[in-house]
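Here come two complexes built around chain A, the first alongside chain B, the second alongside chain C.
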Partner chain A sequence: MAALVPSTFSGIADFMAIVVLLSEFAMLRAPLSRSQIKLYSFQSMVVTVLAIFIAADRHIDGLYAVAAISLILKVVVIPAIVLRLLRDAKVELVASNRIGVASMVLISILVSIFAMVVIDGLYVHSKSLPTAALGVAVAVVLVSFLLVIFRSDVVSQAVGFFSLENGVSVASLVVAAGLPLIVEVAFFFDLLVAVVVFGVLMRVHHGRTQSLSTDLLDQLKG
Partner chain B sequence: MNFILEAILIIPLSAALVSWWVTPRIGKILSVLSGTSTFVLTLTLVDSKTPTALAGWLRADSLSVVFLIAVSFLYFTTSIFATGYVHKVGDRSVGAKYERRLFAGLNLFCWAMMAAPLVSSMALLWVAIEVTTVISALLVAIDNTEGATEASWKYVLIASMGLGIALFATILLYYVGSTVFGHNYDLFYPSLFGAAPRFPHQITELAFVLAVLGYGTKVGLVPVHTWLPDAHSEAPTPVSALLSGALLAISFYAILRYFQVTVLTLGPRFPRDILLAFGLASLLLAALYLAAQRDLKRLLAYSSIEHMGILAIGMSFAAPIAIVGVLLHVLAHAAAKGTAFFGAGSIVKKFGTKDMTRIRGVVRVLPFSGPMMVLAILALSAMPPFGVFRSEFLIIYGGLSSPSSAVVSVLVLLVTIAFFGLSYFATRTMLTPALQGMVSKETSWWIVTAMAMGVFALLILGLHPPSQLSDLLSRAASELVVRP
Partner chain C sequence: MKVNDGAMTLALATIQALQILTIVIVSPFISGVTSHLEARIQGRRGPRILQPYYDIKKLFRKETLVPNDASWVFMAAPIVAFTCYLIVPMLIPVLTNYPLPLGYIGDILGGGFVLSLASFSLALAALETNSPFAQLGSSRAKTFGALIEPSILFVAFTVAVITTTDLPYFEAAAARSSISQIVRPAHVLAVIAFFLVVLNDTGRIPVETHSGTLEFGMIEEARSLEYSGPLFGLLKWGSAMKQLILYVLLVNVFTAPWGLAGTQKLSALLLAIVAFIAKALVVGLVFAMIDNSFSKLRLFKITEFMAATFLLAFLAVVALFLGGG
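Moving on, here comes the complex of A and B:
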């Protein structure tokens, strides 16, 4: 089904998916919590544009609404909530890398290659996007796991979860662009509630320890 | 169907909203009323034939009803237990603000857990389960201690990441459905089951594995169980009881829905093997950890992992009788684990510690809840005449008639190891002489009442389950393995 010469559509879509992946890499190595959140906002913006692009190309009107909610929630509201928490916390730099930046990036590259090879073996033929973008979306999900594993501060871990959701969004645009609107809205509502819970816990943690590092959370074992 | 399904959702939700605003005393009464009426309403569904509501968005087939009974029974008993639990924690009276938050949270948590088996679409199922995560994460953190914050952070992070994977599974399932339905359809169970035989195989396999991994994070399947002991031990005891008896079961319900689709697409072999692998790993790890626990609530948490492992292994047996056993096990485990956590709550209140090396002579110090705690522990170790004995017996009986009977030997061996861990604990803390200066007096009659109901349910399930219930279980089991 896939044409030998990629169409302009698939070229642009693949390109945007790769930008999402690259911003995930940037979050992985960003030293400042604030820049991580801005990168998340940028990444969400790219996902939003991708949604609008697919909506226009495939004439799926529901996707415009999804893009609008995504713009308000993921590009503006969620980053604003977390930035505000950070301002209150007055912590600028959290040294939280468990391993060196070079090693993190190398492992992430390997994981991304793994994701693309595995998805390529599945022969998914999507009407709305080429398969390459699905592999990239899975790579985003896996690298977001690495972000949570390798960075030991609450902001990185929360942003890791939010950007995991961005990866799943790209995947859903790839294979399930026609997902009913009510379901999409429910997903977004859920994300918002999760953000509030993450925010409450971040605040409690900071209030207790005066730090955003998760290294202190090691009392419960066995 | 005269609004029963709607009522089951509206009552806990209104109880949650109202108990946030009113005095704690009225909040407690409301919660008990809501728990009782929800349980009674659920029981009326036992005989009904798959009622639907709200234009098909709510649907209760036999499988849903089984899980609804488990959740609503725990809702009912936990609301009674919680009333006694907050009466006085230790010697200090907890604040009115804490009580309001706790009762509003408990009602809301139960509402979300009742919604999960009632919704009729894979996508809304995911939404409901994610809602249970965020509510219960706040409930785990409610005591605002160092341990509670840590447990809650681990829980919300690990469970949300797991559910991210489950969301991915949902989207893949949507994709395989769209190869039959075309774009723009709802993921309703009946249409999915009808079309499942025509789904492409490879991606259905991937969706099933991701669903087991994703929802399995909330079930507590090894190796994605790591949040579970922390959250269960640090949460307030009413929340622990609900987490263990109801939440884990509801997440397992989500896996069963994927199991249904996958069996129709690929045949039973593949999903059974996957569940067997996760089940054996869970049972093995839990049995070993049970033997080395010092913390009372962590001990019960590992026992939950053990029982979830048994559920997964039971699903991997071919015989329908084993599936009936699995569903009975969901109910019996809810009753047994609820009772055990209620007893743990009573003990922690009395002794002011969860450390089992400092708990002695429980049976003498707590004249009613002590012996019932012993009964609950015996029930959890699958001793007759309790419900867990009957369900594990059915699972093992079903396993013996399936080709892979070597698994049964492993199952029996590991359950025996777990039994030693639990009974070592029971004899050490329960049946020893009391410490000097401890007065023999119950902490609260509400707690005793809640435990008595749990023991009563265990006895009914073990000695003579009502015929309507047995019919319900066999109907649900046949829904799981046969095309609807």
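Moving on, here comes the complex of A and C:
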């Protein structure tokens, strides 16, 4: 029996979610901190387009506002701030892979499959829900955890946390598109706090150790 | 040939022969246009569009030199490879959207096996020559061939799950049937993965420079270094045909299976030939642009390219099984 063909709407939404996941993979293996930030900006762009797409399909006007905020904050402002901090730090490349690229990608593939199997097992199905997208969104969250675990530099920690928020955004967009605007804005506020925290971390850490590697944080042990 | 309602209709066998002839005759033209476009993008004037035909003609008039250590395998390999490239166009939709009599004798994997046989015979012949560069090329071609194979398999699996067969005609029909089939993630991911496979198999830039003369970076190109005369001509022609065959799979099966002839009328078939050449030229242009916008990967980085290709193909299958994507 041929697999059921998803509707055009859920096909496109699923595909965008998968693009978000693929850019998460790209961040995992990107050697330059700068390219990680650019990938984060691209990923946020895809999330923004997804928000506009869902807003247009479901006629939810509040989502346009969310998309606008996300475009300004996540695509432009946050990457610009982090790039600025990076330029001040004058560090191009941080050797931060705890394990090899191939093993990192393989583990991430396994983790993504785990996420999709678990979500598939929950059987969250409805006519209007893009089925694969929810599993993919959870996979994005888990892979961004791996990014934080496997890469030991401050920029990866920051980008991992920010892209985790992108994964959560995708999940909330596909499951609860009509989520009240105020909740979405609260998400963004969380993100802004995180930017400030990570900005301070980058500044202070670099000021003390002249490096962005978090391996040296061990020395803070009392 | 018979006249029917004022329009000429061709027999199915004739159409089948026409498919093969199209590939044989058009392939050097596509290569010529692609390398011309590439040169124009770089600001050079570039070779004439018909240059590949002149090259082949010239080579067929030259004498054949054979390395001392080579045996009949060396002489037979280009002919075996060329024959393989003549067989594959029978299995794939070059001009028609309905299957021709021999269209069902092999599926995508079958076609892949025939192409692998061609590559295998060339690798054997390169080993025969006792020339270090040719042997290096043959060993590299086999190594990277083995690494790209999983991606090809997973693309074939995707097609198998979507259509319940592995026949290229059915995949094309599925893609034509509705827009939902085209935007579904499994299809899009498989198309991108297959595009990267084609980049690899035609010796394009992230993997190999196809027009370079530096032997150290060569993979598939190096295998033909010891050939001369008509055999070399066959090899060049064969590689142009292989490229066009892969373009057919890319456009007529995966990305744009429109503009194929639906009837046996001569006019429809001529239109299909024109549409096919136009589509192949668009692919050629895209490839020329990629050639000019990226640099060649270091040899040991090529595995990362293949890992990325595999990731895409693998996600396509995962999306199909978990979530019906």
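Keep this in mind: the second predicted complex is superposed on the first by the 211 of 222 C-alpha atoms of A that agree within 3 Å, B and C clash if a C-alpha of one lies under 4 Å from a C-alpha of the other, contacts with A are read in each partner's own complex, and residues count from 1 in each chain.
Simple rule for what comes next: a residue touches a chain if its C-beta (ideal position, glycine included) is under 8 Å from a C-beta of that chain, and two chains touch if they have at least 3 such contacts.
Computed from a prediction, not measured in an experiment: that's the story for all the values here.
Applying the stated clash criterion after superposition on chain A shows that chain B and chain C can sit side by side. When the two complexes are overlaid, the chain among chain B and chain C that reaches more residues of chain A is B. Remark: in the superposition on chain A the angle formed at chain A by the CA centres of chain B and chain C amounts to 160 degrees, rounded in steps of 10.
Looking at the shared chain after the overlay, A:G100 reaches neither chain B nor chain C.
Within the superposed three-chain model, A:A186 lies in touch with chain B and out of touch with chain C [touch as defined at top]. Figure legend note: chain B and chain C, brought together by superposition on chain A, show a least Cα distance of 17 Å.
For the contact definition in use here, the chain B contact set and the chain C contact set of chain A share no residue.
Of all residues in chain B, those touching chain A in their complex are 121, 123-124, 127, 130-131, 133-134, 137-138, 141, 144, 146-147, 149-154, 156-157, 160-161, 164-165, 167-168, 171-172, 174-175, 178, 183-187, 202-203, 206, 229-230, 233-234, 289, 292-293, 295, 298.
Listed in rising order, the residues of chain C touching chain A in the complex are 161-164, 178-181, 183-185, 188-189, 303-304, 307, 311-312, 314-315, 318-320, 322-325.
Those residues of chain A that touch chain C in the shared complex are 1-8, 11-12, 14-15, 18, 21-22, 25, 29, 101-102, 105, 109, 112-113, 116-117, 119-120, 131-133, 135-136. Contacts from chain A toward chain B in the complex involve residues 60, 122-124, 126-127, 141, 145, 148, 154, 157-158, 160-161, 164-165, 168, 171-172, 175-180, 183, 186-187, 189-190, 193-194, 196-198, 200-201, 204-205, 208, 214, 217-220, 222.
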